[in-house]
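Supplied in structure tokens, the structure appears directly below.
Per-chain residue numbering starts at 1, and chain names A, B, C and D are given in the order in which the chains are listed.
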Amino acid sequence: MSDGATTHQAGSGGTPPAGGPGGEPRHFRRIFTVWISISVVADLLFWFLVGPHIPPGRMTSAAGGAQFDFNVLFVIALPVIIGVWTYMAYALSTWRKSRVPGLPLSGDRARGHFGVQTAWMAITSTVVIGLFVFGTVELIVPAGAGGGEGPNPIWTPTSKTILPIQVIAQQWKFTYRYPTFGGFETSQLILPDNTTIAFHVTSLDVIHDFWAYQLGIKADANPQQDNVAFTTTDQVGSFTVRCDELCGLWHGAMYNYGKVVTKSAFESWATRTRAQLAANTKNLPPFAWTYDPSANGAGGGYYPSNVDHFSKVETYGAQRAKV
Amino acid sequence: MSATTHNNGETSGPVLTETPEELAYELRAAEGSIWTGTRLAIGIGVFAFASLAFAYFYLRSNNAFNLWRPRGITAPTSFGAAVMAFTLAAAALAVLAGRRLRGGQTTDWQVAGWAAVLSGLIALALQIWEQTQLPFYPGSSGYASCYTGWAVMNMVLILGGIYWSETLLARFMRLRRAFTEEGGAAGSPLPAARLFRANVEGAASFWIFVAVTEVFFWLLFYMI
Amino acid sequence: MATDSELIPPIGATPPPPGPPPRGPAWLHQNIFTAAIGAVAGYAFGHWVGNMIASGYPNINGASGQNDIAICLGLGIGVFGWLLGAGALNYPLAKIVGREPAPEAPESNWTRYLRFSTDHKVVGIQYFFAVFVFLFTAGLLAMAIRTELLSPTTHIFGPGTYIEIVGEHGTMMMMMASSLVVGPLGNFLVPLMIGSRRTAFPRIEASSFWLFSGGYLVIVTALPLGGFPTGWTGYAPLQTQAAGGMDSYLVGFAVIGTGMVLAGFNLIATIIHYRAPGLSWSRLPVFVWSILATSALLTLATPTLICAGLFGILDRTAQTAFYVTERGGSSFLWENLFWFFGHPEVYIMALPGFGIVSEILPVFTRRPLFAYRVAAAGMFGVALLSFFVWQHHLFQSGINPDMRPLFMLTTELISIPTGFIYLVTLGTLYKAKIHFDVPMLFALGMLFNFLIGGVTGVFLSDVPVDVTVHGSFFVMAHFHYTIMGGLVFAFFAAIYYWMPKLTGRTLDMRLGRIHFWCMFVFFNMTFFPLFIVGILGMPRRVFEYAHNLQGLNDFSSISAYLLGASFLIFVANFIWTIIIEPRRAAANPWNSLGLEWQTPTPVPYYNFERIPVILSDPYHYSEPEALPVADLAPRPSAGAATVGVGRGSADETDPRPPMA
Amino acid sequence: MGRSAKIAIVGCLLAIATGLAVFTAMAFVASTPPTVDFVTGHQQGTPVNMEIQTVGSVGSGIHPSWVSYLTRQPNGRWVHTTLWSLPAHTKVNVTVLQYDSGSPLRNQQFGQVTGVSADGRSGTMLLNGKPVSVVNSNVGNGVGHTFSAPSLGINVPLVGVNGNANLCGVAPCTTKSPHNVIQFSFTTPGPGEYRWQCFVPCGLGYLYGNGGPMQTIGYMDGFLKVVA
């Protein structure tokens, strides 16, 4: 008796859920009708009314992709949620009993239904595989969909002209270096319109995360790691950059604003800033894809002059080796 | 040994008299639990040491700043070989002791068992001593870090094996008289004796796991 | 020299029955107060030793003035002292000299809850109170979080205190939720459900509780030690950089983790070997299935956390460089190790909820559980897959971009076995006789909340969408929907359902209904807006946020206060109807078929007068011709020794049971 | 015991528990350092004069070895805090007495003076009376600390003193110890709380030098609490 859990148990009074014998209402047809009508309406409303306003907007290709994917997922998710809710609401209202003392043993007897179980698994598996295929295409075709791809990106943009920008995260501020403009480093993030941009995200200390919200870019900043994320700007406007990986005291205050401007405005800004910062650019270390502070004479980055707790141990270890 | 009757104190509940069938049933369950528990303990150990192995290979393949293993530094190889040898000896002796016990040779079991404990203690002592003789400091490289982690975990591992074997031997000495009344530790049908044998088998299996772990990480840290 | 009968304890039988309280002054016998003394003395001693051995190294104690070796040793030896004072180490230490001390006869009065007890029912109740201490401490911290977020720029706690609160809240809640069901209900109910008089390793079961409570003390010390700035995920190298509170985090997780391993270890052995005759795998209550799957995760995933924590402790004390890239380590190593534990951990917190709901639904729908085998398979499918999804937490980290489609696939695949639970529960509602009692309300609430939590999980698994929602309040709302909306709701369903069994008393159901509706409404009001806040660009764990999000945040904060207040309804209900004016419960108030309800209440020390023989599964509602669930007084010939259904009979010489 | 007595006991216990919780929360809030008030008594239209100092080790309190900022109250007393309450849209003249040694910057970008003015020139500070707009931290005594408020665009590198000199080790330092005087001015924005911090990893003994005092309000981090 207990072994019949997965097999069709039509005998001894258990009725298969799919149909309804005479007199019994056709539950599934009712539920299906309600479900399909609500779902269609909800999906259409969402797609046309809400969807275009879903963040992160359409400022870049990555942002637009994220918006499209979110909307597609939402359109699939809505019927799932509505389906379960419709069924539950129907079940709870149709088969509810007022609180009867003694709780009689009189419910349905079916311990399983082969058709329902198979259909359930088939449908969920199909949806899941479909989502996987969709997600993979949407990840690979737009060159990583704005996510950090590590130092050696395998999905790269097709554009021939790419503006590289190094994002340097440190506790607790982002600075930006423009290697193709003489390697000046600034607190401002200004981007040209209609340009493919490669953000090379790195960190000087702990793990940060460069989240350019309206650009649809997110890439972790790890020390001594070049994490590349691509996107193409489509619209001018301003955007927010936030740190998205807890990095200590000022994590919540580690944000700044950037701008996408026209190409000519960008050119003139970059040229002007390059000249303004020239005195300090000379003092910066030579450009490298991972920002190595030892190159500017900081002695491995341990302050001051190599006497922090690691350095002391090093001395100790070296002495031991000599003995 | 008949059904155990417990005497309640002032606040008495129902007095439970277990039937012989129930005692036998619970005894089988206890034996099975020791068997399963041993395997679970090994499983826990596998996941723990797999974490260390993951750290080893991850840092090795990363080789950040060429600081995985600069200049091919190695922890003292003589110590490493000695620690491994004594641990393997302890494992082999513990397994041997278990077999001798099953064969009814209780003297052999005790001799081999205590030798296993001694061997394990020597391995432990050497592992601790090795820490004072390192040609590198713990944070000098990825290798040095992993080695330090391994040293700590290895101490815990060997200590676990020693504890298991030692408690069995100590218990055996206390229970010797009781066991010998009915066929000795190897054959006594007393519940205590049966669980004792199950425990000895468990300890032997655990020692085999210790030996495999030891060889694996010895290869990682001293050979490649 | 002791006599033979003292030397040979009744192994294989049950421990001695309850006796009178120990003679002499109560405080002389090991209890929670001696444990506290041991903890304080241990901490002082460890701290002193740490200062002795390490203060000579300027790199450790020089410029920073922070001696992590002293803190770690203090905490570690403090926990040792806690266990020693509680009496958890009496047996392991006596064993070294071969002694096999018979456990002290447990008391029958309430003071037994303050002692090291090997009675699984006492341990269950101890866990019950401990998880509530955890829950309410961390809950107060949640109120503090929402208070800080009332304003985007005006600060009540400031950034430093705020991240300490956030980290402490998250860590304590994770620690609590890992044991929320397995600790109290797993220990109390599993032996009753499988017809056993005990668990397999009662001392290990008791030790797991004392480690759990010791872990609470350790993690609480984080606040006076300066807190930890990393949140519950403890990302290195911020971890390596952090103040002394980080040591509490690492040691605390190691202690709690050891307790989790031990609890799972004991329950697995118990469920495999101590099932009563006739309780085949296909008759096992689905709650026990969920505990088995959870225990497997606890036992196998947690060692990774303990090892990762060990590496962290070594980085902070012995100055190794596991997580420091510039010294040959890697900042990705912790992320990998942590999430390799962390994702199974997520299901450690989800599976028991599935089990509770599946167990309760048949009782209140008066019909058999639909697709029982699918439920069990779903739980084990989730458990297995959970080991293969950890990198979905690292989609933007820069690790292995080529592996992203694979981890997207495994993550989305996990929604198939999770969906099985909905197949089971929705199928069970079909043509049922649904009774809306309080446990049923909470179970339905769990289904409602977990659906939202699960569906939003699919959004997170999709890499392009995850670029926006990763690390935002969307994630935060998602996992609160699964853990609080799922597990905690299921836990309250279980409390209202099993309280008559746990205590012999019943909670007030009218207050229970009020509690449910308040908690359900305010929970959704608190966390649903946070999905929107997340999509609108608010990262987690920030003390400042965009001005346009203040309205939603304030709505959420006020709802959170109300949600917190709804717990007070429960507390008042509990204190009044269970302690102050006890309401005697009927023996089986829900007319459940479950074996645990067939025992007397309060459950006698031995659980079962005779080891029962199981005749059917506990879900044969509306099957009048079915056999009763168990024969509670089997004749000896039909009893334990002769029935080997589903277990095989063990060979006399080979202790290994045949594999099932 | 009567029903009302029981209710009373439960109520009292709940009240005590709530009180303890609130007390703990308030203890947290109160643990922040004091705020120096530059608003009270401030005349509309006049600049605020502020004097702060940096010290290599604060010498007292629970973290005596930590590096720290101190602020001089309008009454002339030095207090160990980094929280200032300032009037909005007002010019603030800051004098920093830098008593700490320096080192090369971890990120030389912070060698650029931004967001402040001196001698009527923007992007400039006065170092011992001489105008400076870029500090090369790789030469000389390096940079000891910075005064930076990222959301206001302010960054001022505070050039270190010679580390071999007899440095002041206990706060507050007096001008007898070797020091640099750095002066600059900035204008406060509208009301709000703006963070400021040091960007030199000066938390000695912590990984990347950014632990301890670098992550504690009152040492190397603070707020400009600008009020209307």
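Criterion: a residue touches a chain if its C-beta (ideal position, glycine included) is under 8 Å from a C-beta of that chain, and two chains touch if they have at least 3 such contacts.
Since we're looking at a predicted model, the values are computed, not measured.
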item: Maximum centroid distance from chain A, chain identifier (CA atoms); value: B
item: Pair exhibiting more inter-chain C-beta contacts, B-C or A-D; value: B-C
item: Centroid spacing, where centroids are CA-atom means, of chain B and chain C in whole angstrom; value: 28
item: Separation of mean Cα positions, chain D and chain A [Å, integer]; value: 36
item: Whole-Å gap separating chain C and chain D, where each centre is the average of the chain's CA atoms; value: 43
item: Residues within chain B bordering two or more other chains; value: 64-65, 137-140
item: Multi-chain contact residues (two or more partners), chain A; value: 205-206, 224, 248-250, 253, 301, 308-310, 313, 316
item: Multi-chain contact sites of chain D, meaning residues that touch two or more partners; value: 195, 204-208, 210, 215-217, 221
item: List of chain A residues in touch with chain C within their complex; value: 1-3, 5-6, 12, 15, 17, 27, 54-56, 62, 65-66, 69-70, 73, 77, 80-81, 84-85, 87-88, 91-92, 95-97, 99-100, 102-113, 116-117, 120-121, 124-125, 128, 131-132, 134-136, 138-140, 142, 144-151, 153-155, 201, 205-207, 209, 211, 213, 216-220, 222-225, 227, 240, 242-253, 255, 300-301, 308-313, 316
item: Chain C-touching residues of chain B, taken from the complex the two chains share; value: 1, 4, 6, 8-11, 13-16, 18-37, 40-41, 43-45, 47-48, 50-52, 54-55, 58-59, 62-65, 67-70, 137-146, 148-149, 152-153, 163, 166-167, 169-175, 177-178, 190-192, 194-195, 197-198, 201
item: Complex interface listing, chain C residues touching chain B; value: 4, 7-14, 16-20, 95-100, 105, 108-109, 196-197, 200-201, 261, 265, 268-270, 272-274, 277, 299-301, 303-304, 306-308, 310-311, 314-315, 318-322, 324-330, 332-333, 336-337, 340, 604-606, 609-611, 636, 639-642, 649-650, 655-657
item: Partner chain A, residues of chain C touching it in the complex; value: 57-60, 62-64, 159-160, 162-163, 229-231, 233, 235, 237-238, 241-242, 280, 282-283, 319, 324-327, 331-332, 363-374, 394-402, 404-405, 408-409, 412-413, 415-416, 419-420, 422-423, 426-427, 429-437, 444, 447-448, 451-452, 455, 458-459, 461-468, 470-472, 535-537, 539-546, 590-591, 616-617, 619-624, 626
item: Interface residues, chain D side, partner chain C - complex; value: 3, 6, 10, 14, 21, 25, 28-29, 31-32, 63-66, 192-193, 195, 203-208, 210-212, 215-217, 221, 223
